[in-house]
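One chain, chain A, links the two complexes that follow: it is found with chain B in the first and with chain C in the second.
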Partner chain A sequence: MTSFTELPLTRDHDACGIAGLFNLDRKVISGKKIKEMIEVMKERENGLGGGFAAYGLFPRFKEQYCIQLILDDFEAKEKVEEFLKDYTDIIEEEKVLVKEGIVKEYPLIWRFFVDTNDRENANDVIKDIMMYINCSIRGAFCLSGGKDMAVFKGNMWAAEIAEFYQIDKIKAYMWSAHSRFPTNTPGWWGGAHPFSILGHAVIHNGEITSYGTNMEYLKELGYECKLLTDTEVLAYLFDFLVRKSGYPPKIVHQIACMALAPPYWRDIDRMPPELKKWATAIRITHRKAMANGPFSIVITTDFPKPTMIGHSDRKKLRPLIAAISEDESTFYLASELSAIHTVDSTTNFWQPDPGKPVIASLGEEIIKGTKEPLGGISIK
Partner chain B sequence: MRAQDKVMPRFKVEIDYDECNSCGRCAVNCTFGVIEFDREQDKPIIVDTGKCVACQRCAVFCPTNAISIKEYPVTYAPHGNWTPWHRRGVYEQARTGAVLLAGMGNDRNYPVVFDSLVWDACQVTNPAIDALREPVETRTFLGRKPKKLGIREINGKFELEDIYPNVMLSTPLIIDHMSLGSISYNAYTAMLRAVSEVGTLFGTGEGGLHPDHYPFRKNIISEVASGRFGVSPDYLDAAALEIKIGQGAKPGHGGQLPGEKVTQLISDTRGIPLGTDALSPNPQHDIYSIEDLKTLIAALHEATEYRVPVGVKIAAVNNVAPIASGIVRADADFITIDGFRGGTGAAPRVIRDNAGIPVELAVASVDQHLTNEGIRHKVTLVAGGSLRSSSDLIKILALGADVGMVGTAALIAMGCRVCQQCTTGKCAWGIATGDPILGKRIDLEWATRRLINLFCSWTADLDEVLGTMGIDAVESFVGNRDRLRYIGSNPEEAKILGVKHAGSRIGIGGE
Partner chain C sequence: MTKVKKITIDAEPKGKKLYHRELNKKIRRAIRNGYNWIILKNIKGQRFIGAGIKEKVTIEVFGDAGLDLGVFSEGITIIVHGCSEYLLGNTLNAGELIVYGDSWDITGMGARGGKILVMGNGGSRIGIHMKEFRDKKPIIVYGGKVKQYCGEYMAGGMIIVLGLDFSQAIKDKKKPITRENIDPKKVKNYKGEIVQSDLAGGIHGGTVYIRGDVPDHNLGVYAVKDEFTDEDTEILTPALKRFSELFNIPLDLIWKKKFTKIRPVSSRPFGKVYTYTPI
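This part shows the complex of A and B:
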């Protein structure tokens, strides 16, 4: 019998859920925890997309790029294979196992482990391969293409995605998860998050109002945005700023985050001279990399080493909370505190400031997002 | 003059003697010889209505509002092809045998592309920003930008290489070049005072810089044009330098200041003898190719020890995109594009009215072309000719300009009525004149305040609009064609603009 008093489990909301979990000792843990984190924020999704990114998945193929794909049929798979053979050696390939009965229709999910023929520019080759597959091979979509990592996503509730890919049986040292409430585009498998290029994966709650400007900037830099999602620009901007720029590894994430959400000029004007010079130069040079509009994001990357970043727009119009477990082994990010508390009640948690990134990089002290990036660095 | 030479007046000035108090102020103010005052007469205001240009000076200064100015009620026999405008043109050329000159900008009734564009706003999925309560930033930098920063790590310390010189503007709006001589000393000074107060720039025009104006050098773009008038070390010590190749009102044409306008003031400023004609050739005679332009850019960079941005101004013409690309590759730090509606002190009317293309199309095409070539980030794109309102400014930014520029709008702020008599030097409002007495009609304090108000008001409009689009910094709006929509009827135009038709949704997903 229908209950007239029980609150419905779902209601219309404009939101997305994001969560991240990073074992700072690089120990692999089951996906059970991240699954619980994202599931508890069910109010933030509407069943039109969810996904996970996981790092540390393939100890046997650590050095190979894992091209993980969704495919409409075997014909598309063969087309991708033919294409890959031109530029790479396929070391291994396998079907990604999924659970039957979760969703009526679903694509073929496949992964190739490859070495590029051109070793010197391997990252650029893989970047171009991913873009080519997504733009030009009908029936194929590349979910991820990094080393020792993969993205699992689709057009369902996050909990169903977890079941579908059997996330709790997968072990990784760094996880991110997204549950989607799409507003402008229809939900579709490729449009779900994480959105990934090379070893970077971005999950995003928000809407990028600077999309047109960012897209033009990326076109100049050799990135074509054709996937109907504004999250795409964040992934490509991050790839340009972090990898392609060649900035020093120690500060590259801070520079990238400052470019994505630079300090206000009124704050820059009051900075000490050295920091002012840096902030001004970053803001002027990468002016079209600034991401405007409401966003909170979790970026996971293996470049230059495993790193998890939480970041928000300058007014922090979407929620983001960070936490570290009492034993300091696990770093968490989530839209809501409930997601963190549901898996770990011992944490020390904090609210990062608007527009200030939280950066947890393996073996480095965590930058907590409570002051300007680059503030603690020796700069001139 | 034979009777047949006569052309019927364009305007009719009427005095309402029920209201008129015979003060004669109208006659004092009229500079076109329309009104004379004779106290002895029964009706003391004597009107030669054929000379009236509808500048409104007499009407505005009449304390009893006794003056009305109408279109002259002698009709031309209607003809759809031979409009009165065409007939007048033939009469005038048959009478004089000369090239007709015109002032201000192209006044023909071409469609205005700006009027076919509307912009987007936030609803639900992305919150609008309240610009009155939260920061919305309009600060803009004029100059060359690197693709990426130069950073070195030395003993654990990170060193940042200096980036190229950039001029900071508080708002993405500057005043376009107008030379002393084409406008009065007071109008010129008021514009300099206003831009220095606001924190933006004003162009010298090609007329050099008077020593009185040296203190404003931090807010001056010095123009190096084909006549090279007034180019001196002091002149080059400005915020930015601009090589003028072309002007929107007269693409391919130079300029001439007749000797009678070269007064002592102009002689001092331009560095030419009193009373000599100041002729600016059509091309720069040391620039016959893009390589030559590159040489001049390099010479100016060298002369100023790479301390100031050097830009190039071109008129919006068909091939503007590849030309702009060549200019970027010739090491210009900024490019100024002047549309076919741009103003002028004087230009052959046939050129003013027909040459060039709308700046909206030029900017969109340059922005997209430079983007496709991967060099858009290097330069600052400045565009005008003409921006009539803050909405035109906002649209030109979204179409790809980093900075908008105004000329005529600044003159209108100082009282100009757009009567298009700039060529005559008789400007009754004291703006477009070299006559020192007429020039005094501009009150410096008042005109400066009006200009500052215009800048503040357009900037406030820009803040508000960016806020409603959920954008809190203007750099996220430059080239953001995604937030514009086309409501005209010409798909080809929309395609060139790179703007979707109204009703088509945003091609991206919010999350």
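This part shows the complex of A and C:
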């Protein structure tokens, strides 16, 4: 029973909770585990946003882009549909099933499976479609637009979001979850994490104080930042660095992470010559892509292959713990170790070094973020 | 010797995680009822365990403790059989916090006394703003490695980093780590650097002892290496003895490697930086 005379038990604390789970054998698992992980860190949220990103959801529509939207009404849906018809073939559409009774008011949640008319630049077309919907179609907000993945988010407690979308009935091989404690922007449905563009989804704990610089850089590159939240720049920067910059696929994630949190010049000076050349080049070329301010992020992406990345700022001002299950089948990331130990009693856990990413890519050795970046790879 | 009166508190009754305020209420109630050894079962990252407790009691934690373990406490002993999150012993006044596991960033922030002994590795900014006054001298001992900014802005007390690898020395990994569960023969030294950049950056009091060498580029601003003398051996011995007792490793093994002593360059290194100081 709620007491009216005592302080409420759920008091606000200053943090966001982040969690990630990746089955390295690409076996689909139910969302029950990730739900438990994010629920344990309830102290980190205040009920103003939560969300999940899931990969491997639509075995029937693997090759189609899934445009998942929140809509104010059917009128907005029709507007989106009309717009989509101009640039894509809609293969299938469906209403996303949600549970009644969790929240009083909620939007219409709809997804379209589409093929683009322009097959060669399909990714760019979908990117522009997402941007256009978010900026220009009133009453519609695009949650995600990747292949074989979707984002489920809203303005509630993370546990409620899980109930609302019935996360435990969804099966995916890669999950990320976020519980929000908004600091700079109000809590609203679109402002909850993960922020997604194409196949990338970013969840973030902290704040990006370099938002202005990053936003201007992104504007030059053709990305519009209209969501009033600092995290979106990370998603767009990552998309640009990974998909458009043309770095070798094997090290593209490491380079992207280095651009987001580049090493200090004094550390670059001490690097071996080849690495020094590259670190200098990355720092100078992507000068405006540097994300300043405290952050720890989990990036999930399917480009060039399914990958989960845990990354933090160079001073490690936000927590992040990584772990692998004893049988080395599952990779975990979380703000607190207790979240990982709730679902797996593994003893194989570690804290990554400040500013160095942990990268788990399908079929590759895990980069633990405790050694020099780009180590062991010769770059020509 | 006062008689030990034990009580066990389940932090997850009926399978639901107890909120930290409820848990602390239960702990305080147990202390009021005369218990002086409180065992906490199934801890899952609850914060503020043992916050502000002034009584000389022992709290034994099974599971992973959350942030701010033992914050503001004066004279409490906390033993964690698992890991502890950030801000372990935040503004600790007295007492002893023992962790049979890792404890990450900002351990002992602004501590003014007491001892913090951690078996495993640490994160960034260990012992930031730690201070001392007369006999009140906080001590932090880390068995493993630590990351950047260890001892940043330190104004007193002592930080010891040993660089010992306990990861292979746990006899039964499924059981909680206790003294008996550690095999002293399998404790190894970490290879390579055990501290990262900006060691003792902005230090203006107290000492940092690192077991093994510290490369100059890892030293922070206004931190200098000093000669390790017999006096230092004397200062270190009680803390290391306690560490060897708790974590079941022979004291000789710790002494096998030489220590590097790091102290501030002067008693007021920032005197001329921020304020006008007439000389």
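Worth pointing out:
Note that in this section the second predicted complex is superposed on the first by the 369 of 380 C-alpha atoms of A that agree within 3 Å, B and C clash if a C-alpha of one lies under 4 Å from a C-alpha of the other, contacts with A are read in each partner's own complex, and residues count from 1 in each chain.
Note that in this section contacts are C-beta pairs under 8 Å (C-beta built on N, C-alpha and C of every residue); 3 or more make two chains touch, one makes a residue touch a chain.
Keep in mind that what you see is a predicted model, and the values were worked out from it rather than measured.
Aligning the shared chain A places chain B and chain C next to each other free of steric conflict.
Touched residues of chain A, counted separately for chain B and chain C, are more numerous for B. Touch criterion met: A:P319 reaches chain C, while chain B stays clear of it.
Within the superposed three-chain model, A:P354 lies in touch with chain C and out of touch with chain B [touch as defined at top].
Of the two partner chains placed by the overlay, neither chain B nor chain C lies in contact with A:A279. By the touch criterion defined above, A:M41 lies against chain C but remains apart from chain B after alignment on the C-alpha atoms of chain A.
Measuring from the middle, so to speak, at the Cα centre of chain A, the directions to chain B and chain C differ by 80 degrees in steps of 10.
In the superposition on chain A, A:T213 makes contact with chain B only, while chain C stays out of contact range. After overlaying the two complexes on the shared chain, residue contacts for A:H341 are found with chain C alone; chain B is out of touch.
Legend: residue contacts after superposition of the two complexes on their common chain; A:R270 is shown touching chain C, with no touch to chain B.
Taking the two complexes aligned on chain A, the least Cα distance separating chain B from chain C is 5 Å.
Residues 266, 315 of chain A contact both chain B in one complex and chain C in the other. Per the touch definition, chain B reaches chain A in the complex via residues 122, 124-127, 129, 134-135, 137, 139, 141, 145-149, 151, 153, 156-160, 163, 166, 367, 371-372, 374-377, 398, 469-473, 475-483, 505-511. Chain A contributes residues 14, 16, 180-185, 191, 193, 204-217, 219-222, 228-231, 245-248, 250-251, 255, 264-266, 277-278, 281-282, 284-288, 290-294, 314-315, 317, 377-380 to its touches with chain B in the complex. By the touch criterion given at the top, residues 17, 19-22, 43-45, 47, 63-64, 66-67, 82-83, 85-86, 102, 104-105, 121, 123-124, 147-149, 170, 173-174, 196-197, 217 of chain C touch chain A in their complex.
On chain A, the positions that touch chain C within their shared complex are 7, 9-11, 13, 40-43, 266-267, 270, 315-316, 319, 321, 336-339, 341-342, 345, 347, 350-351, 353-354.
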